[in-house]
Amino acid sequence: MQEDKQVNQDDTVKLKLRRVIFGTDTRLGRYFDISLIVCIILSVTLVFLDTIAAVHSKYGDIIGIFEWCFTIIFTIEYLLRLYCSAQPIQYVRSFYGVVDLLSILPSYLALFFPGANFTLVIRILRLFRIFRVLKLLRYLSEGNVLLRAMLQSGRKVFIFFFSVSLIVVVLSSIMFVVEGPGNGFTSIPKSIYWTIVTITTVGYGDITPETSLGQAIAAFTMLLGYSIIAIPTGILTAEISQEMVRSKDLRRCSNCLKTGHEKDAIYCDHCGSELETEI
Amino acid sequence: MQEDKQVNQDDTVKLKLRRVIFGTDTRLGRYFDISLIVCIILSVTLVFLDTIAAVHSKYGDIIGIFEWCFTIIFTIEYLLRLYCSAQPIQYVRSFYGVVDLLSILPSYLALFFPGANFTLVIRILRLFRIFRVLKLLRYLSEGNVLLRAMLQSGRKVFIFFFSVSLIVVVLSSIMFVVEGPGNGFTSIPKSIYWTIVTITTVGYGDITPETSLGQAIAAFTMLLGYSIIAIPTGILTAEISQEMVRSKDLRRCSNCLKTGHEKDAIYCDHCGSELETEI
Amino acid sequence: MQEDKQVNQDDTVKLKLRRVIFGTDTRLGRYFDISLIVCIILSVTLVFLDTIAAVHSKYGDIIGIFEWCFTIIFTIEYLLRLYCSAQPIQYVRSFYGVVDLLSILPSYLALFFPGANFTLVIRILRLFRIFRVLKLLRYLSEGNVLLRAMLQSGRKVFIFFFSVSLIVVVLSSIMFVVEGPGNGFTSIPKSIYWTIVTITTVGYGDITPETSLGQAIAAFTMLLGYSIIAIPTGILTAEISQEMVRSKDLRRCSNCLKTGHEKDAIYCDHCGSELETEI
Amino acid sequence: MQEDKQVNQDDTVKLKLRRVIFGTDTRLGRYFDISLIVCIILSVTLVFLDTIAAVHSKYGDIIGIFEWCFTIIFTIEYLLRLYCSAQPIQYVRSFYGVVDLLSILPSYLALFFPGANFTLVIRILRLFRIFRVLKLLRYLSEGNVLLRAMLQSGRKVFIFFFSVSLIVVVLSSIMFVVEGPGNGFTSIPKSIYWTIVTITTVGYGDITPETSLGQAIAAFTMLLGYSIIAIPTGILTAEISQEMVRSKDLRRCSNCLKTGHEKDAIYCDHCGSELETEI
């Protein structure tokens, strides 16, 4: 009986913590989330600033201390999540569980494996910390609408990218033969790099065609890239347009069955009866 | 009685001036606005030309005199606006009030604070004068249609830019590790600059990847930028399309209730009765 | 009587010539037009090839002879047009009349005004010959559909370009102050050139920001350019979509009054009666 | 009788082989196709890697052996296709027949024509092998939807590209005169190359305007390119949108004649009767 109560009390603490840490519907839960986001952004900003040589030599030590503070905060957060999660093993295996672990592990690993290549390894490991930022995605579920439109146009976009890849490969081979290693096209993979730089209209200018024929093919490649940029735009726009019309059609008045109400309409514009909230 | 009349007369002058200066519905008001726009464009053009070394050494003095003329004209305009405004304090605090003041203040400040760093300070202060151009916005209210479409798609665009920022941060960190300070990627902030240059397909070529792995990641970044350029276009296009259909639906014939009339239609195309002017 | 016949015969020749030269509905007229287009393209190609130093030194003489042949052909064509036109003066004053004259005049002027700066002047005058290409426009009337969509979205596009200009001017001034003449931003006009290169995502890389603040502003400029590219696309797409729907609505069956027939439909899909040809 | 049986047996083998090699509806046929695709990608990847100097000097011999293996595999495949095709001559003349032959011929030609310019010729011939990749297109018929939309907007796009060509030619000539051979604009064809680099917003920076007037024209060219990028996007988007609506309209319920069903709908949303599969 005594034990049972203890377990019950534990459960109550767990439940409360879970609502704060995993939930976003209580005031404390929101405060927790917001302060976590601030910590993530601050810690990533520090890692970034530390890579500037001038900043590192001056403030490197202070940044190091701050980084340890953030690591400890995130470790406590990870342990709390493990403790109050309903299914801890499922959490550990989930995408965010892995990201949470990866964002604290590097700092500890750097402690146990110091040595000659100390600095570099740390730097690389530290960079995994930016995955902490990915946690921010948790707080945004609006992206789903865009994602759905993108997935629905996925098949068409795949064919588009497949065709572009074929064109890139063919053009790269031709340019490799036409320009040759003397003009910077040292190999076909490098030629593919040049073609992508050109077809996406980036145009660094680190490799440029020198021969007349090469410049003619380059001009053709640019016009091609300029034209085909229209295709994914067209596909996606048509898909988003349809998605919008569809979501409007879903708003059907349960009284007179008229559809096509605006997303923010409250009453049916035909019979005046109240509309159900959007699905 | 005498005083009252005086006040009334003053009020009449004020009212007339207000209609000319703030209004655009009288012929004089339109003339005033147009000559003001011409003055603004001329004065800004002069400031711009003055920054060219060859022009400054030759015509610097004449440009200086012209600038003072424009400053005096704009000062008189500012005082007149203050005088004839119905609520002078509200005008001073409004966006255009502040801009009007900022566009004349620098010239006077340059008078009172000359010194060693004379030229540079003047130049910087003078540049604030370009805010005068912002006044032109006052004469265009058509932009609201575009603004509304942009605001309505704001939430989707925000998520888009948030996702792009995350991708930029992750790619920048990876490129910093892969290429390193030796190839121009001296710090993560600089790496972020490179990623933005690449993902927006600007491609200056001041920093370019040298290693094979770096070039592969760069190629991926470009293709990504090339693809995601489609997303905001798709969102905005769908929104503008809907906005157009909506404004057409608003044109309802008050006689037979038929909707969907063209923006420039005058008579209902179903019953022939005159349509109300567009809302 | 005799004279009258003569006049009539002359008129018949004129009419026949007019149908061949100005019309495109006879077989001879089509042959005339096609051979004229071929002549124009050949003559312009020759002018272009002649500017390559290697080609000029080798084949300069032959090209010169060919150019004279084309000039004579186009002169005969011009005189014939003058002769058989119903209103010769109207033709001379029309856009194509002026272009036709401009495309033959330079060669003759080069004959009468030789001198010291012979080569250069000729070259510049010769270049006017490319206006001959503009004649090709005569053979395409399909562009009107696109033009109408563009004109209808003109007001919105103007506001867009006006806003972009304001942003460009403000950003240019800021960059001039931040980077200064030392880093290539020698004057505000040059700074405007840099801003346009950046905001249109061209990115030559001849002028690039060197300071951290400058690079941050540049990154902002790029993201801005990347975003606002969506706006004219959205406006034009919505306009073209509407134009297509409108042209479909115009296809109304005169029997049952049903609208919305496809552009290439021949029979009404509701009552089966023949549709009128497209307006 | 015996012979007839033999012929029949042969025919059965042929038919079975044909179903495996040309068909995709049996399990073996799918396995055959997938293994063929893997072979094609592997062989092309090897050709590409072989062009890297470091890889060639180390693994050149092994890659050579592998290439011969692939050549033999593709030769056997070609002979089998010839053998079991219903109309062998039609196959040889078809697009894929020519591509299949071109992808194996170079390796054999390299055997019979060795010599002084051995390496280069082989390399060029080898590159034709990438046409093997084109075979992949056979496995994708989804592209037709996109192709149809593109063909339908073909006339408008042609006029667009024709106008762009005219603008490019005129701007190139002007830039050639303004900048001249001293600033990299050595001939009009080169000037055309620069204009295309600029108008497509690629912007290599290998040729950049040096004079003020040239930079002003360049800025105009960029803004033009930035604006006209919207036109093909608009055309194609409107066309794809219409194509989608049209394919929805085609889904008509045979019971109540209601149209406009979703592409993946199974039952009519008005009377509940089953819909026919999509056309």
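So that you can tell them apart, the chains are marked A, B, C and D in the order they are listed, and the count of residues begins at 1 in each.
In the analysis below, a contact is a pair of C-beta atoms (placed from the backbone, for glycine too) under 8 Å apart; a residue touches a chain by one contact, two chains touch by 3 or more.
This one's a predicted model, so the numbers in the text were calculated from it and none came from an experiment.
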Pieces of the assembly without chain C, by contact:
one piece
Hey, which chain ends up farthest from chain B, C-alpha centres compared?
D
Over half shared or under half: which fits the residue numbers at the contact of copies chain A and chain D, same or different?
different
Where chain B and chain C are represented by their mean Cα positions, the distance between them in whole Å:
31
Would you kindly tell me how far, in whole Å, the mean C-alpha position of chain C lies from that of chain A?
44
Where in chain D do residues touch two or more other chains at once?
189, 192, 201-205, 229, 233, 235, 237, 241
Interface with chain D, chain C side, in the complex: residues 44, 47-49, 51-53, 123-124, 127, 130, 133-134, 136-137, 140, 142-143, 145-146, 149-150, 157, 161, 189-190, 192-193, 196-197, 199-206, 229, 232-233, 235-237, 239-241, 244
Given the complex with chain B, which residues does chain D contribute to the contact?
201-205, 233, 237
Which stretch or stretches of chain C touch chain B in the complex?
155-156, 159-160, 162-163, 166, 169-170, 173-174, 176-177, 181, 186-189, 192, 198, 201-205, 208, 212, 215-216, 218-219, 222-223, 225-227, 229-231, 233-235, 237-238, 241-242
